[in-house]
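Next come two complexes, and both contain subunit A; in the first it sits with subunit B, in the second with subunit C.
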Partner chain A sequence: MSAVTIRDLNKHYSSYHAIRNISIDIEPREFVVLVGPSGCGKSTLLRMIAGLESVTSGDIDILGRTVNQVPAKDRNIAMVFQNYALYPHKTVFENMAFSLRLKKQPREVIDQRVREAAAILDLERLLERKPSQLSGGQRQRVAMGRAIVRDSKVFLFDEPLSNLDAKLRVQMRTEIRALHQRLGCTTVYVTHDQIEAMTMADRIVVMNTGVVEQVGTPEELYDRPANLFVASFIGSPSMNLLEGEIAIEEGAPCVDFQGHRLPCAPTATGQPGTKVTFGARPEHVHVHTDGDPERHNATITMVELTGPDRIVVLEFAGETIVAEMEKRTPLSVGQRVEVSFQADEVHLFDTATGNSLVSAPR
Partner chain B sequence: MQHGKGFWLFVAIALFVMAIYNLMPFFWMISSSFKTDIEVTSYPATLLPQAFTTDAYARIWAQEGFVLYFLNSIKVSGGTAILSATVGVFAAYGFSRFRFQGRTALMATLLVTQMLPGVLLVGPYFKMLSLVDLYDTHLGLILAQTSITLPFTVWMLKGYIDTIPVEIDQAAMIDGATRLQSLVHCVFPNILPGLVATTVFSFLLAWGDLLWALCLITTPEKQTMTLGITNLVGQFRVLWSDIMAATVIGCAIPAFFYLLLQRYLITGVAGAAVKG
Partner chain C sequence: MIGERWTAYWFVLPGTFLLLAILGFPAIASIVDSFGSVGSGGFGSAYLALLSDQRFLTASFNTALFVVCVVTLHIILGLAVALLLNADIPFKWFFRVVALLPWTVPDVIGGLIFRFMLDPLSGGVNAIAFRLQLMQGPYDWLGDPGWAMFSVIMAETWRGYPYPMLILLAGLQAIPKEQYEAAAIDGAGRWAIFTNVTLPNLMPMVLIAVVLDAIWQCRLFGMIFGMTNGGPGDATQNLSLFVYRQYFQFFETTYAASAAVVLAAVLLAVAIPYIRSTLREKS
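Take a look at the complex of A and B:
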């Protein structure tokens, strides 16, 4: 039995169709990330699971029970909000104890559960403080503590790290992931940050304009994007996309881009002349300096150091493409180089529909 | 920019004059309440009592009905304040948290009622209260006073509730609270300064009212203190020291509330200024 099942879910706000026919199964103990640009409906979907938004049509099941008409307070879920939503007038202890007090739990049980959660999150010293006396990271931990004490089977996170600075965000990412492994609860996590999604998720649901574009593991999404949206959304720097058309060279399909013949996977489908978009991840753009005439000429327009690697921006047949290379490769702005691509590393999409034309997984 | 001594001297004099202008009526009231009947009307007037006496206070307290007027005022003002705060907080919560048709129009209507002089409503209220047998009752007076204080209360409290993220209510509901529980446990404590400020405002407005009490109460035993004080103005004689003593007693209750709740009041009024 799935922990959360969403079937043919729709949400309308007057004439605006925010969630369009979404169906997802989330397995017990799974960490699923809903990712997409602002306004794609990911938070709306999470809030529908939480019971904070009504369902226009379709069903939401939590642990086998359809909860469409069940109020938020009776869904036995825990939720961490983007702005933490701690009760400002209560101490950390009282914030964490609130749900147990509502359930009229005995004082000893409340004390024990809160202190256990505080120990897990390293909050023991802060129990008597008010939220205003805490740092962003500590508030985040209290919000998680409030969720932990409830002993819920399903945890919902709504962009919980977006108010933290970059360093703390990385640290909290690890902590949330560790917490998930320790508690073994089913987690649905919303973010617009694809790096957060890639590093935390067992499975990612990519959403755009209220529809699910693709569901898969981070590797599947990165290596085999189902369409142009997923290809451009997942990965940083994003995938290079060049518009051309299918051609045949020596009996094999390739992409004709401004007269350059670019390779494509042998499994790619499509008739010659079909308008296609050729895709190559930055690490799959191979830059050479040996002057080989078989390769494609390009000019370096910018070089950015990222630490272990370098991002090289190139002008290639009038288009800008990005390559990711090892730091030690000596390159300079204005230098003329050659680029090449390998058929088993590149992607091909139908320009009209945006769908991938690579039929079989690689 | 640095200001010279002349500027600061001007500021000091201006502040002194304004302070005198504001405090003089209170000073005169207190001073007159301790004067004899003869001294209070003597010419030229004396600033401080020449013969200090508390006779006026003794007479007022002993006067038949004054204690009753005092208690009636507490009853009407307290009732107005409690009703106004109770209805106001729920209305403000609804306006703040729910999006419904006509919400903006309703809020605007509430605001417009604040711009109408209260005297315009006396006639309709007289008629309505008569129809439901509430004319010449304290409940009728409380309802009338509440209609004046409620719009302000709702607007001010809505401003306060707006500053509390809606996620606080939602977090409470996820934690297992009903909407009412989330309001009581998580919203109320955070709008307490605003709630105190609006409650005191309603109380003071009702406490100082003369017009509504004059028009809606006729039985002497049901009259409020403001009416009781006006009764001291006779056709041929005005008992100034008695009136001043009664007024000092009348001011004592608001002053007591102010001292008791000044921490919340200052936070509440300042909060409304920046949060509204």
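Take a look at the complex of A and C:
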């Protein structure tokens, strides 16, 4: 039995169709991340699961029970909000104990559950403080503590790290993931940050304009994007996309881009003359300085050092492409270099539909 | 930088001068005058006379009763209307305008309107009560000391509630929606949400509304002047009316000044918590 099942879900706000026919199965103990740009409907979907938004059509099942008409408090879920939504006038202890007090739990039970959650989250010293006396990371932990004491089977996170600085975000990513493993709960996590999605998820649901573009593991999404949207959204720096058409060279298909013959994946489909978009991840753009005439000429327009790697921005046949290089090879702006691609590393999409033309997994 | 600072002082100077001329001079003159002698008494005798003046004590009691009742009713009514106007209802803007209308009525006019409505012979209140067979004959509401104070309190409750209502509505709108949602997920019903989310978040605004309204009601003049002129007898006379009468009917300027200084001191005492809280927020 799935922990959360979403079937043919739709949400309309007057004439605006926010969620369009979405169906997803989320397994018990799975960490699923809903990711997409602003306005794609990911938060709306999460709020529908939580019971904070009504369902226009379709069904949401939580632990085998259809919950469309069930109020949020009875859905056996816990939710962590982007701005934490802590009660500012209550202490950390009271924030965490609030749901238990409403359930009229005995005082000893409340005390025990809150202190257990506080121990998990290293909040024991802060129980008597008010939220205004806490740092962003501590507030985030209290919000999670509030969710933990509810002893829910499904945890919902709505962009919980957006208000934290970059360093703390990385730390909290690890903590949330560890917490998920420790509690053994099912987690649905919303973010617009694809790095957060890639590093935390068992499976990622990529959304755009109210529809699911692709569902898969981080590796699947990165290595085999189903369409141009996923290809460009997942990965940083983004995939290089070059528009050309399918041609035949020496009996094998390739992509004709401004007269350059670029390799195709062996499993790519498509008729000669079909308008296609060639895709290559920055780490799959190979930069050479040996002057080999068999390769494609390009000019370096910018070099950025990111630590162990360097990002090289190149002008290639009038287009800008980005290469990522591991070694600190001496490269300079304005330098003429050669680039090459390997057939088993590149992607191919139908420009008209945006769908991938690579038919089988590599 | 120093030059810029002095430039700023030059801009502030005309306003400061005007304030000193219009408010500062009369205030200082009144304070100085208030310590003058009354009758055969010496320095500060006016203040001693106030303590034994039954009319002053009655006016002080009336002021306290009026302020406590009106401010309490303003907060209750203002909060109730603010909660209704904060709800997601159609034509919200229309109801907001309607709810604000009483505030647009000048207080003297408001007093006169209620005086006409409560007139024993031609007033609407008696006519309706008679039609509904609640009374056998006309009743002089404003001629009865108990009903007169009650009527004045009701009239000012109606006229003045939009001001605290606006403050509380602004406070309600500033409460993050997520707190309500978190409470709903935590299992809170409507009453629990009201007591655990709405009220605690609103308390700073309630304090501001109470203090500002209390200051306003302490010095209310027009409504009572227009409605009862402090009568019957001294039944609805508050400190503002007492000061007015001493000055402009009995020409007891020193005595009136001392009463005005007492009123000002009371207002200052009420204002201090508000000023302190705003200064704390700024720091």
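Operating definition for what follows: the second predicted complex is superposed on the first by the 361 of 362 C-alpha atoms of A that agree within 3 Å, B and C clash if a C-alpha of one lies under 4 Å from a C-alpha of the other, contacts with A are read in each partner's own complex, and residues count from 1 in each chain.
The criterion applied here is as follows: a contact is a pair of C-beta atoms (placed from the backbone, for glycine too) under 8 Å apart; a residue touches a chain by one contact, two chains touch by 3 or more.
Here the structure is a predicted model, which means the values were calculated and not measured.
Superimposing the complexes on subunit A yields a three-chain arrangement in which subunit B and subunit C clash.
In the superposition on chain A, A:Ser99 makes contact with both subunit B and subunit C. When the two structures are aligned on the shared chain, A:Ala85 is found in touch with subunit B and with subunit C.
Common to the subunit B and subunit C contact sets on subunit A are residues 50-52, 71-73, 77-79, 81-83, 85-89, 98-99, 102-103, 146, 150.
Residues 50-52, 71-73, 77-79, 81-83, 85-90, 98-99, 102-103, 146, 150 of subunit A touch subunit C in their complex. Residue ranges on subunit B touching subunit A, taken from their complex, read 165, 167-168, 170-178, 181, 185-186, 189-190. Partner subunit A is touched in their complex by these residues of subunit C: 176, 178-179, 181-188, 192, 196-197, 200-201, 203. Within the complex, the subunit A residues that touch subunit B are 50-52, 71-74, 77-79, 81-83, 85-89, 98-99, 102-103, 146, 150.
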